[in-house]
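I'd like to ask you about the structure that follows.
Labels run A, B and C following the written order; every chain starts at residue 1.
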Amino acid sequence: MVGFIIRRLLWTIPVLLLVILMTFLMMRHIQGNPFRHSERAVSPEIQANLNRKFNLDKPWYVQYALYVKGVATFDLGPSLVLRNQSVNDIVKAHFPKSLELGFLAMVFAVVLGIPLGVIAALRPNSVFDYTAMFFSNVGFAVPSFLIATLLIYFFALKWGDVFGLPTSGWDTWQSKVLPVIALGLGPMAYFARLVRGTMLETLQQDYVRTAKAKGLRWRRVLTVHVLKNSLTPAVTAAGPLLGFLITGSFIIEYIFAIPGIGKYYITAVSARDYSVVMGLTVLLSVIVVLANMVVDILYGVLDPRTREART
Amino acid sequence: MALLEVDNLQTHFFTREGVVRAVDGVSFTVEPGKTLGIVGESGCGKSVTALSIMSLLPQPPAKIVGGSVRFEGFDLAKLSERDLEDVRGNEIAMIFQDPMTSLNPTLKIGTQIMETMQRHLGLDRKQAKQRAIELLEEVHIPGAADRLNDYPHRFSGGMRQRVMIAIAISCNPKLLIADEPTTALDVTVQAGILDLLEELQEEYEMAMILITHDMGVVAEAADDIVVMYAGQIVEQAASLELFDHPEHPYTEALLGALPQIEGEGIREGRLTAIPGRPPDLADPPPACRFAPRCPFSDREDSCAKEPPELRQIRSGHWVRSAHPASERTREPAVASK
Amino acid sequence: MVVSPQAQRMRSPDPAHSGDIDVAGAGMPIRQSSLWRDARRRYMRNKGAVVAGAFFLGLVAFCIFVPIFSPYDPDKVDFSQAYLSPSLAHPFGTDQFGRDLLTRVALGGRISIAIGFAATLAILVIGLTYGSISGFVGGWLDNAMMRFLDALYGLPYLPFAIITLAIVGTVNFWTMVIALSIASWFTSARIVRGQIITLKENDYVRAATAVGARWYRVLARHLVPNTLGVLIIAIFLELPGVILGEAFLSFIGLGINPPDASWGSMAQEGRQVYRTHTNVILIPSLAIAILVLSANFIADGLRDALDPRTKET
């Protein structure tokens, strides 16, 4: 078991290096010059100076090595455009908000979605089941910006007096309600559908019949035998879902004017601020890779069969 | 008094395509300590009968629409789910056909054995663990104490079936229902399982219902045999009597399909296969259900018009046929169909 | 197939002797039918999937035909007609430049749907190639390719697409297709590889190789047709993701440039005025939602239809 965890941990290192390498190579090919603020061309001397200052004149593998060293020491380098800020500063200022948004949305999705799926599976083809699944399908398919706009339209405008929920910023708890729902509705629907499907399948399994034949109380059959095996796919889905949350947060931050890194990212790409874009991409990638690793480990804990074979 | 009395049990499945009459009027008794064998081909309703006794069928689409299942006087078909939970695993236990899927793959074997005892016998963890080790030893699994912590995928098919048996006998049930316990296993392993069952039955003084499609299995183990076809009982007798004097054409065919290596009166020649397939139970033949495949019926006789009743042809021997062996006057009406 | 009592009686006048006649009925077994016919029948039985299919086709038809028959010039600017509410003349109203929204939505739909299909196709081609090679060759190559894929999964979708667009420089139809497909082919490669591996282990493939069939024959005649079903489903599963991706990118301003428009960029244009003129953002968003929803339902329906083992609750 411990060996399994260690093995998984070790695997992530080469993956991370590869991710950084790819981002690095991609960034190198983005056309444009970070040092051009206006239409005026930058004089060659100044250009050369700047290049030297930011190590841009060195061969690419040296730059890569320097960068990896920086990442390992949590130094993501300076911003090329905003001279007095380092990428770390930017991250520190804006990332926690995005993180909070994503986290709350995930909590929302799990706390509402999973019970919904469980109850729907226990009452298949009932009114509850059909309604729940219908709304899940809708919530899953409707693009988040539409949901966001509709939420704003109804809860902030039309019924603004009743609810009085703000539509921008990220300070009071009220201002967090709409963005979290807008971001979390999709994943919630996804979980509900997934859990319902897996549970229905599990309920058909032979070992559930055995458990009943043993005369165990239904509550125990449900919790110990059914739920444990039904929730595993939901756990594994959490990994890729994180990716969804990240992309989704870009949009939601944009709509609700939340000062997170989503907005910053777009601005940085337009401005060709290499290090900011690199830094943020690497950061996001690291999070995704780590999250996938955690999910893999969790899966190993929940389903002992996967621990053995790792061919 | 009989331990289990099944009287005119009818279990139907209500599906989108119609009502499937899987068990249509089945009656038998099981005496304490004795073994009843239920034989028939796939789809004849033997498993559904067993599951009906334990009320383990999913309630939609299945439903016990008639008859009674009296266990020590109580009609199981009328008990509430909570009361049934007290009976299952405790007074009546069941083992299933496929040991590969009958155990929960994500729980340790130990837990799966212990939870039954903790539930019914009120044992605490230590006692249950102790007893679990003893049970594994009784079913001849070596290294019992360590094996408790293993997961099912570490056991072979035969060993998993032994674990299932251990679970089943853990609370000392009065009746053990074994639904095709050896079908999914190798022939060499089968004998071991059957011997084990016999051994435990004696030791625990259990009655047993042994369900199988294999006449060879039931010849050894059963005291009485019930032959089922298309949801009905077509012949019923003590084991020896059935093998010596089979009456129903279907039983004869089943026995004729048995390979014989040695013995008196050995049949020479080819094994007989029974032509045709079992009927669709949503729409069974209106009269005798075996008539379409029966070598002794033809268009003229009563088989096609009137359903034959289950009647006693000899003491302790019942048959449902218009052409039982001892009443036949002629050769098969149609050689093959 | 089960034959109803009525049908049975029609075919064999004497039900008691139905066994004598070689006809499906009491006493005879269930009849088989071909996989595709079965699948289509099962699909048609799924009302949701059929309705979704109708919506999908309807939407596509809408986008193709409306601009052909529309009396309005989609590019003509006429501020006097700006921001009109929906009316008989303009069923969807007009946008800030006085352009008829019905026509624009249809035109935008052409682009969005075209990008969607093109990118989906690209995804499938890339995924099919990568997955087939990986699954079929197996061994260390398979391992390496899968590890590489694991790493690629680490790059979050939207940033990846954004960077790709930035690398290419301009944003037009084809660059969008490239960016979207590069960012999302991983899952399809995994699925294809999984299929190939399962099928490779299948006994009938072994049987074919045992009688000496060459590897490309095995591939063409056995593996690919069986993967076909999975691929068809994959199309309808990838489509929503790609369409949403394009919508997202356009919405945040990194999309198709005017005067060409996709639904996403139209929604973006309507963003500022959603309080007063909601139709500008609502209609293209709804169009996206309908397309995505119907694609999901179709995918579900296809999955149930093509996999006979799923539950019959």
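In this text, contacts are C-beta pairs under 8 Å (C-beta built on N, C-alpha and C of every residue); 3 or more make two chains touch, one makes a residue touch a chain.
Not measured: the values here are computed from a predicted model.
Visitor: Using CA atoms only, can you tell me which chain is the most central one in this structure?
Guide: The chain sitting closest to the overall C-alpha centre is C.
Visitor: Which chain is most remote from subunit A in terms of Cα centres?
Guide: Of all chains, B has its centre farthest from that of subunit A.
Visitor: Looking at every pair of chains, which two share the most C-beta contact pairs?
Guide: A-C
Visitor: How many Å are there between the centre of subunit A and the centre of subunit C, using C-alpha atoms for each centre?
Guide: One centre to the other, that is 24 Å.
Visitor: How big is the gap, in whole Å, between where the Cα atoms of subunit A centre and where those of subunit B centre?
Guide: 54
Visitor: Could you tell me the distance, in whole angstrom, between the mean C-alpha positions of subunit B and subunit C?
Guide: The mean C-alpha positions of subunit B and subunit C differ by 49 Å.
Visitor: Quick one: in the complex, what on subunit B touches subunit A?
Guide: Residues 54, 56, 81, 84-90, 93-94, 96, 98, 101-107, 115-116, 119-120, 151, 153, 164, 167.
Visitor: Which residues of subunit A touch subunit B in their complex?
Guide: Of all residues in subunit A, those touching subunit B are 205-207, 209-218, 220, 224-225, 228-229, 302-305, 308.
Visitor: Across the complex, what residues on subunit A touch subunit C?
Guide: Where subunit A meets subunit C, its residues are 14-16, 18-19, 22-23, 26-27, 29-32, 124-125, 137-138, 140-143, 145-146, 149, 152-153, 157, 200-201, 204, 240, 243, 246-247, 250-251, 254-255, 265-266, 269, 272, 277, 280-281, 284-286, 288-289, 292.
Visitor: Give the list of subunit C residues in touch with subunit A in this complex.
Guide: For this pair, the touching residues of subunit C are 147-148, 150-159, 162-164, 166-167, 169, 240, 244, 247-248, 251-254, 267, 271, 274-275, 278, 281-282, 285-286, 288-289, 292-293, 296-297, 311, 313.
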